[in-house]
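Below, each structure is written out as structure tokens.
Look at the two complexes coming up: chain A is in both, with chain B in one and chain C in the other.
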Partner chain A sequence: MSADHTRDPCPIVILNDFGGAFAMGVIGGCVWHGIKGFRNSPYGERGYGAISAIKARAPVVGGNFGVWGGLFSTFDCSVKAVRKREDAWNAVIAGFFTGGALAIRGGWRHTRNSAITCACLLGVFEGVGMMMSRVMAQPQIAPMYPEESPKMAA
Partner chain B sequence: MSWLFGSKPKTEEQSQSDLKQSLGFDPAQVADVSQILQTPGVLDSSRLHPLAGLDKGIEYLDLEDEQLTTVEGAQGIIPSRSWTDDLCYGTGAVYLLGLGLGGAYGMQEGIKNIPPNSPGKLQLNTVLNHMTKRGPYLGNSAGVLALTYNLIDSSLDALRGKHDDYNTVAAGALAGALFRSSAGIKPMAYSTALMAGAASAWCGIKRLLQ
Partner chain C sequence: MSNILNVFNPPPSRPLTEDEIGEGCIPCTAVQSVVALAGGVYLNSNTLFKDPKTGKIDFAKNPIWWQKTVKGFGIVLFGLGAYRAGEVGQLVWKKKFE
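Entry: the complex of A and B
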């Protein structure tokens, strides 16, 4: 019963993550670029500006999110298959490869820096997630100790 | 492979004798607790062990959030828990398809356009540039279309309470219309017809696969 049943098994979950990340990016991009296009348009053309900004930019944001999420999921599954265990390091290693793969056309230095940044970011996420789950799992109720009677100073 | 292709939801009606077999008493005849405790063999330690009775098969606790979708006719190719699963899988598959097709098209375009007598690095760069020009554009458009289609489809399912081919085609037509709604009447009609056709083709493919 320790398995996480809210996520599907490995090869197929890549599709799910691709779609989920893409949808998140498109919907977030609609909000973001809608507001941006609205604010950056002259009066009288604000609605039109918002629509055209959404049309031009939201799919691109969605695509970027989707590629990141899908690549991460792919690497996560590969790392799981190679290491044969599930822990926080999987995400860090997968983040390292994802960051590197996405920056691979920018040269060796760019690839290395991006991979390390991405791995650190994922490490922070995992750490925060573990801390959160620990806090949520054990509500810290301070035990009530009987107070010691103050000693009378002689 | 049942996790990949799904299966018809099983409706197992537990008969009374089965229930008596697994519980050790007949729930229809129980009046109070002492009656249960007096039943012979109910306090047998081999039956009270947590792993006892595994030979009769495991009784699964059907948790609320792990249930497959209960909408009539919506049990598709991939088992889905809710509309979010449909959305993620549909969008992801179509987006990847678009990305792959666009990338392949860009690749052959790039290979055709390689400047003559260029070094290998430049050749590789030309091909990659063409791929990254075509692939994401097609993938993004297809992904947005699939996202809209899935959102409308799930809404129609929820409204009508069931899922059938009319839903799919209507959702496709609406998604196509919305996609080109700002380009004018004629492009809108074209994309509506195209998406309705694609949706009905998908209906047929789903029939074949199931």
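Entry: the complex of A and C
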């Protein structure tokens, strides 16, 4: 199988992932905190409440997503470089390290639990992704040829 | 494509080609060196174990063996960063003078 040349090489893909995850977090944060701010504000101030909640919280959510994405991508690249192989285990191992690294300030129990949870979650995502790509893949149908008639054979 | 999108749409398993592994990628080595050095310093600082409010270390949450493990890992990481920084220097030297 040939190499995928559409992908960015590793140091650049980390920045790419960081930016993508940050943008995703900001958009999601805008929706989430916009609705939350709107609902928690009194009548007449709902629009203002939504905007101020978005301004206060959406960048934080974006930053959290960005840190997760950048760290995951960094670990993914490192694991790929060490194993010299691209498969589902890379994401699971990278998820283990990412979960552990992000929770390291919470103590050893928190680090262990977070690392295992993150690895399991990524394993599930990988499994579902593989299953979906297998389901979505078009079945290869063999070409149909007309059968030889007995007259022609004779 | 990105590494995050690859989680949701995984590519088929394959060994990396020589072209992808490459020999002496300066940006990759430099990034790894910086990340490893910074990570090593961070893991060796006591701020990691201190409570942000009280500034004291909770030994139930961060027992001595855990602190030593984290710091040991930090030392290994710092060593790796220094080694990779040396490799970056060698690569730059090779590119410039050979």
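Operating definition for what follows: the second predicted complex is superposed on the first by the 131 of 154 C-alpha atoms of A that agree within 3 Å, B and C clash if a C-alpha of one lies under 4 Å from a C-alpha of the other, contacts with A are read in each partner's own complex, and residues count from 1 in each chain.
Convention: a residue touches a chain if its C-beta (ideal position, glycine included) is under 8 Å from a C-beta of that chain, and two chains touch if they have at least 3 such contacts.
None of these values were measured; they are calculated from a predicted model.
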Exercise for review: Determine, under the contact definition given at the top, whether A:78 touches first (chain B), second (chain C), both, or neither.
Suggested key: second
Review point. Is A:9 in contact with chain B, with chain C, with both, or with neither (first, second, both, neither)?
Key: both
Point to revise | chain B versus chain C as contact partner of A:62, first or second or both or neither | key: first
Review point. Among the partners chain B and chain C, which is in contact with a greater number of residues of chain A?
Key: C
Check your understanding: Where does A:17 make contact in the superposed view: on chain B (first), on chain C (second), on both, or on neither?
Key -> both
Practice item. Please work out whether A:26 is in contact with chain B alone, chain C alone, both, or neither, and reply first, second, both or neither. Key: first
Review point. With the two structures laid over each other on chain A, which partner does A:51 touch: chain B (first), chain C (second), both, or neither?
Key: first
Exercise for review: Using the superposition on chain A described above, determine whether A:105 touches chain B (first), chain C (second), both, or neither.
Suggested key: both
Review point. For chain A, what residues appear in both contact lists, the one with chain B and the one with chain C?
Key: 6, 8-9, 12, 14, 16-17, 20, 105
Review point. Where on chain C is chain A touching in the complex?
Key: 1-4, 6-17, 19-21, 25, 27-28, 30-32, 35, 43, 48-49, 58, 60-63, 66, 70
Review point. Okay, in this complex, where on chain A does chain B touch?
Key: 5-6, 8-9, 12, 14-20, 22-23, 26, 51-52, 55, 58-60, 62-63, 66-67, 70, 105
Check your understanding: What residues on chain A touch chain C, complex-wise?
Key -> 1, 3-4, 6-14, 16-17, 20-21, 69, 72-74, 76-78, 80-81, 84-88, 91, 94, 104-110, 122, 125-126, 129-130, 133
Practice item. Flag every residue of chain B that touches chain A in the complex, lowest number first. Key: 3-4, 63, 65-66, 78, 84-85, 87-93, 95-96, 128, 136, 139-141, 143-144, 147, 182
